[in-house]
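One chain, chain A, links the two complexes that follow: it is found with chain B in the first and with chain C in the second.
Right after this comes the complex of A and B.
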């Protein structure tokens, strides 16, 4: 019984959530909202309007957690996706923006969500997208890497590897000796 | 066990050492010490990748490595075997080399998992080193992704046999052919790469200093250390130490 009541309550939440989101999102132009399912919304927004959208979602709709910022390299522009989670309604909102490729600069949302600092640092390291106002933009994992941003599509990993490294022979004589003794090789 | 087989490295070319000059008593002592050495191996397992997960069962009661006289050791200075269990990123490789250089000879390196052989499933990655034996003398590779504890134990037993026969001498190559290994390390880490250990001095200590110990790459290293005065890094400490001793008197 309790379980059913909870379910009903959650359904109501979803319904009210849609209304709240609609109200908030109407305050911003240049925005497209798409409901994927009960718990997922995709919002496409212009890059200028994103900080306002995040403030509204955090301050007025209870989206207190920024789960992640992901970055996509579309070769002519970057796409940044801000994943926001509400613990009250259990709804995930993904806010998508596009920014220009060169120079790849965007504003930090550290002042709205503090965890953004880490995500932005990571994206700067892997994609070279600089976030103005982020507290720390130094190397995070690739502290001893001096090449180009490795996750960019323009960075040819295979060519880099072939230039940089040698390979061992896969069918050397000693392998045949082991096979002659009864060892098996999985090809 | 049938799927994976321990593979010996082809990196076993050793420069001939005048062993025949030993008399029969020396040979008997060598044979005895090799026998003992093969039965008391301390393993430093540098758990770089997923292969490390096969070591707890290999060590504990199911497969029980210790019945062969092999047991884990916590410091490189007391360890005989360096187990590299998986992919080695370039950052990690620096630490592996630092660790290896701290170990006392005779020392053995075992590369576990396909990643140490040829990069394994990370062969395409910019961040991992591919052939471990280019940077360190590797005694044995145990291929597999990941090798089961049976394969690990078989590999260790083969190493024990090699040690007992006095054939596991790859570690001498690091001193004899230091220029080659240093060159490969510099290729990855840059010309400023240096470690606190003076390998050439150690090579002289072990009587392993040879024609291939030095070359262009060691000349680069020596130039760098002289330019940056790295040879005198510990001089202030020594001075301070002697001063306090004098003060006590």
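Right after this comes the complex of A and C.
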């Protein structure tokens, strides 16, 4: 299987892509679609309808690659963005959903896209959003961190450092020697 | 032995043992561990263990001005930092609707491709070391250093250049410098036959790498593999051509592919890509010499009071390791509201690596790791 194409074929693909997405739009009535340019579509969908949309996009429209899942903390709700790429039509669809802040729980799409396992684990670790059915809901990066999910907007890193640690003057011997000779640190 | 000191040796029922492979070992460009369960020298199970290089880039970027992040992003991936700058700049430009001058785009391609060559040299060298061929590693690092010399002369920085900024590039590159780069390309092209003799045609390397860590096209697609690792399975996808950015649509180059999907094929793809990058850089040099424009960046607002219009964008570039993407959200403020970095290694170094080493032999773990060219800081961010 080798992908190769000319520019005319690409134009045809864009046209057919719009038709396929239109068909899916009619099948899922909670969908809002926006074309940003020839290779970028934004789709806003309800959280309940997302797994069905992903299945349709993968099965019927050739969106075989889950490029990423991004999470945005809007402080009263989370936005999850599923970036899907079609190797055949060269189009990227970003599907946006909103989920409630507490409890921050959503369903895993690992069964549809294997790479979701990594992204869901990362979002769970950094934002505290739990994905039901994901095989890897365990820590990966912050294995010794027991504080709040660090990427939350409510987590203030500077305040945390001030609360946890004491400031101390940095006075190593080599600096004392320099200062004794009249030198100083220029800031 | 005195009888009272004799203790019978008891064997465990299972002959499986857990081995901590790393976080410091020759298999990867940075600190990254793999917990492997072995039976003899056979890998029964493997579990990736990251986090050793986590610096909280995404959180840090939310606390810095748009312009300050230019100094932060290249540090996400040490061996190939230029695509990081590029991906961030593309995102900000998309949100601001900047019209980037044509010359700036060609200068950016010059940087990107030189960075790709440097990164591939680093990877050849690293992979060779995993099979005991250290000369190739020394050559690779030494030749990479010559490219870093060029970067230093062009940008002032050897590894982190901060050369690409939203709106264009920081400075132009003169004809004299372009000639120096051209001479370096001549040298590197001649060196390719040396690399072939020492490494790519070496029986030891071929025997060790062939049929090791095989990825089928179906697995590669299913597991989110991109870049040279995907192309080594015969799948000719490259962001530079299929989701083109900058002026790649005006440049002639081939997408290097192999079909075997093993560690050997992945290295051969990088070998071909290195030659293609030299070919691309030559075209860029020709363009820059003929182009009389001096316009290298568009007008940007006062960087210290720069508010980027509200919106979101997903930008992608082809790094030496695969598809690199940034998802950037602005709420109209002076700092990014959210930046999500999706490095290609987040796929290659975790799920793919775990699956590929399982069932293989202990002596091949480092080799498989390096053949995937995973970059741990990209995973940890």
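As a convention for this text, the second predicted complex is superposed on the first by the 159 of 187 C-alpha atoms of A that agree within 3 Å, B and C clash if a C-alpha of one lies under 4 Å from a C-alpha of the other, contacts with A are read in each partner's own complex, and residues count from 1 in each chain.
Please note the rule applied: a residue touches a chain if its C-beta (ideal position, glycine included) is under 8 Å from a C-beta of that chain, and two chains touch if they have at least 3 such contacts.
What you are looking at is a predicted structure, and each value in this text was computed from that prediction instead of being measured.
Is A:164 touching anything from chain B or chain C once the two structures are fitted on A? First, second, both or neither.
first
With the two complexes superposed on chain A, say which partner A:117 touches: chain B (first), chain C (second), both, or neither.
second
Contacts for A:47 in the overlay, against chain B (first) and chain C (second): which applies, first, second, both or neither?
neither
Quick check on the superposed pair: does A:143 touch chain B, chain C, both, or neither? Answer first, second, both or neither.
both
Looking at the overlay, does A:174 come into contact with chain B only (first), chain C only (second), both, or neither?
A:174: touches chain B, not chain C.
Who wins on chain A residues touched, chain B or chain C?
In the superposed model, C touches more residues of chain A.
Would you check which partner chain A:87 touches, where first means chain B only, second means chain C only, and both and neither mean what they say?
After superposing on A, A:87 lies in contact with chain C but is clear of chain B.
Is A:107 touching anything from chain B or chain C once the two structures are fitted on A? First, second, both or neither.
Once the two structures are laid over each other on A, A:107 reaches no partner at all.
Where on chain A do the contacts from chain B and from chain C line up?
Correct list for chain A: 142-143, 150, 157.
Under the definition above, what is the set of chain C residues touching chain A in their complex?
48-51, 54, 56, 58-59, 63, 217, 221-224, 226, 234-237, 242-243, 257, 312, 314, 316, 323, 325, 327, 329, 337-338, 340, 342, 346-347, 350-351, 380
Could you pull out which chain A residues touch chain B in their complex?
142-145, 147, 150, 155, 157-158, 160-161, 164-170, 172-175, 178, 183-186
With touch defined as at the start, can you tell me which chain A residues reach chain C in the complex?
Those in contact with chain C are residues 1-4, 39-40, 64-68, 70-73, 81, 83, 85, 87, 90, 92, 94, 113-115, 117-119, 122, 126, 140-143, 150-151, 157.
State the interface residues of chain B toward chain A in the complex, per the touch definition above.
Those in contact with chain A are residues 2-5, 7-8, 10, 90-91, 94, 117-119, 123-127, 129-131, 133-134, 187-189.
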